[in-house]
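I have a structure I would like to understand better, so I am pasting it below and will then ask my questions one at a time.
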Amino acid sequence: MDILTYSGHLLSGAWVTVQLTLYSSVLGLFFAFVLGVGRVSDNPFVHGLSAGIIEFFRGTSLLVQLFWLYFALPMIGQTLGYDWRFPPMLVGTLALALNIGAYAAEVVRGAIQAVAPEQYEAAKALDFSPRQTMWRIIVPQAVPEMMPSLGNLAIQNLKDTALVSLISLADLAYKAEQLRNFTQDSTTIYSLLLLMYFGMALVVAGLMKLAERYACRWRAGGNT
Amino acid sequence: MLFGIEWDTSSHWAFAVSILPILGKGLLVTLQATVVGFLLAAGLGLVLAGLKGMRSRLIAWPARFISEFLRDTPLLVQLFFLYYVLPDYGLVLPAFMTGALALGLQYSAYTSEVYRAGIQSVPAGQLEAARALDLTPGRTFVAIVLPQAIPRIIPALGNYLVSIMKDVPILSVVAVLELLNVARIIGDRSFNYMIPLSMVGLIYLLMTLVAAWAVRKLDERLPKEGIHLQ
Amino acid sequence: MSESDKIIDFQNVTKSYGDHVVLDGLDFSVRRGEKVTIIGPSGSGKSTVLRILMTLEDIQDGVIYVAGKPLWHEEKNGQLIPAGEAHLRMMRKEMGMVFQQFNLFPHMTVMRNVTEAPRQVLGLSRDKAKKRALKYLDLVGMTEHADKFPSQLSGGQQQRVGIARALAMHPNILLFDEPTSALDPELVGEVLQVIEHLASQHDLTILLVTHEMQFARQISDRVCFFDQGKFVEEGSPEQIFTEPREERTQAFLSSFLSEQ
């Protein structure tokens, strides 16, 4: 078997990896903004809940979270009388999104706190409501600040997707394992696998760089 | 039973208590893997940082490429590579060492960046002053740069120590009996996954909180301007 | 002045930060359409008076009436209780503020800076807001820069946009907090020109805190000297600048003029 045949076989797995990365990154970004803004809220309940969720998902291992959602959650459902055996794709996306979302939430929080306090005053002078101030004035200014860190987290997320192969999701790593079991050609397959992930990481890095440039267009000098 | 210890299935609480010693054995392996992996990462990272900083492009560029490659590829795949490929070339390591090596390699890319950033954070004016005083490059590095770089390096390394600990469960794929693997086996044999996995989650949360606290305390005790030299 | 003339009325207002008292039992009022300039040493609390009016700072004692209604309190069953957020939001519409540091929204174009609040807060349609914005941008002379970002403008240009932005909300009272203090000297004139235009043509109530003595003399109906939390002296520009009665006023003005 040669590299070309291997590649063909791995491609379907690569597609699953791409989808997984995309869905979990988007969902994770959503969680990041909700939790990050919640973390800076004046409301003690919102503040505490956001901080708690962030600390919980940052403090526990992703693989532990993944296994818990895949193995333990159905058992709880069983005792309660619900069928909580979700497909690996859903479990994987959720676990990845929650994990990366918690880390990204800290990035969001830091960036929001870096916005000049005078902006809050200017918004208040114009009578914006607190919600309008946060989402129309503050958060847009925080976005360029977040971009470099979010770029790193996006690549981290891509790497993390490999773990879903351990809950039998047919991603790139899973397909490679299958292939290796069949051909025993470890060196070629794993080298190819590493190169494919590296290539995908470079693409993600490139896309994030473009996003960063777009987000920073109003800044003096044009970049972070 | 596992490791020769039976568990008590009479009630949820009894079950949880009875598997505690078993989980403890797994925890020990986790901690060992964390420490060894971290030491490897710190050491290899230092070498990598040195190579990346060399003036000769022949050495620096490949080093930078390797560093980027290690950063951008999944730990799981790197682990599989080491576990299955190395024996083909005559190097057979016990699973634990393979796992620790994988952790060390992956994180060496990160620690090398920590070293580089820490050293770069020392203001250029310090180097200028050292040169004006005619200090040798070696002395400058040891007495001026390093003491000022350390307060930035140590906390960052501390955070990566915690990250390594959270990545140890990946070693379960090569049958290392760390905490998550042990919990999963208990679940396989007792048909109760919820309790062992939840306990592992809580143990991890506790360890992370303690480790984060320790890193913070260490950060507070390190003088910001640099290690004091008499 | 009669009660109905007063658009701003401070009654025995005290403001403190912890133990540090900034305003101590302050009484102060402004007539509708009056142009008042507040001068005084740095750190005397002049800006605090403006910031309290703009609801950026609260008060520890006393009552403030704006256009006949209490600002930091609301009336409930004939009693005055501390104002809730809804009341403050309603009262804020009476005032507009121009900041020393301009505080434009850097991620929005000039046009968007001026139209955002009218659209989001006053509920104006996009076209109505744009028409209103163009009117005020024209007034401050910034129409050709409507699609630029603040980072592409000079300090004087940014401040003029800041004035247009405040005007677009149609406030009855315009507060200027040292509007030219952060500008390079050659850019001060263009901003003062706009303020002068506003002072002469509109029956807007203006409260100006500034170090530009010449300018204050030109446009003010009344000048107030503020020091250590109280108004030491107030009167017409001629009176304050040529024949100050109080010793502290004299000391301040002479130290100022000797620096010119």
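Letters A, B and C name the chains as they come in the text, with residue numbers starting at 1 for each one.
Definition applied: a contact is a pair of C-beta atoms (placed from the backbone, for glycine too) under 8 Å apart; a residue touches a chain by one contact, two chains touch by 3 or more.
Worth saying up front: this structure is predicted, and the values here are computed from it rather than measured.
Colleague: Closest chain to the protein CA centroid?
Modeller: It is chain A that sits nearest the middle.
Colleague: Work out the mean Cα position per chain and let me know which chain is farthest from chain A.
Modeller: It is C.
Colleague: I'd like to verify one number: the distance from the centre of chain A to the centre of chain C, where each centre is the average of its C-alpha atoms, in whole angstrom.
Modeller: Going by mean C-alpha positions, chain A sits 46 Å from chain C.
Colleague: Approximately how many whole Å separate the CA-defined centres of chain B and chain C?
Modeller: 57
Colleague: Can you compute the centre-to-centre distance for chain A and chain B, using the mean CA position of each chain? Integer Å is fine.
Modeller: About 22 Å separates the centre of chain A from that of chain B.
Colleague: Going by the contact rule at the top, pick out the chain A residues touching chain C in the complex.
Modeller: My answer: residues 118-119, 121-122, 124-130, 132, 136-137, 140-141, 218-221.
Colleague: Quick check: in the complex, which residue numbers of chain B touch chain A?
Modeller: 69, 71-78, 80-81, 84-85, 88, 165-170, 172-173, 180, 184, 187, 192-194, 197-198, 200-201, 204-205, 208-209, 212
Colleague: Which positions of chain A touch chain B when the two form their complex?
Modeller: 55-56, 58-65, 67-68, 71-72, 75-76, 155, 158-163, 165-166, 173, 176-177, 180, 186-187, 190-191, 193-194, 197-198, 201-202, 205
Colleague: For the complex, which residues does chain C have touching chain A?
Modeller: Within the complex, chain C touches chain A at residues 54-56, 85, 89, 92-93, 95-97, 99, 101, 103-108, 116-117, 120-121, 149, 151-152, 165-166, 169.
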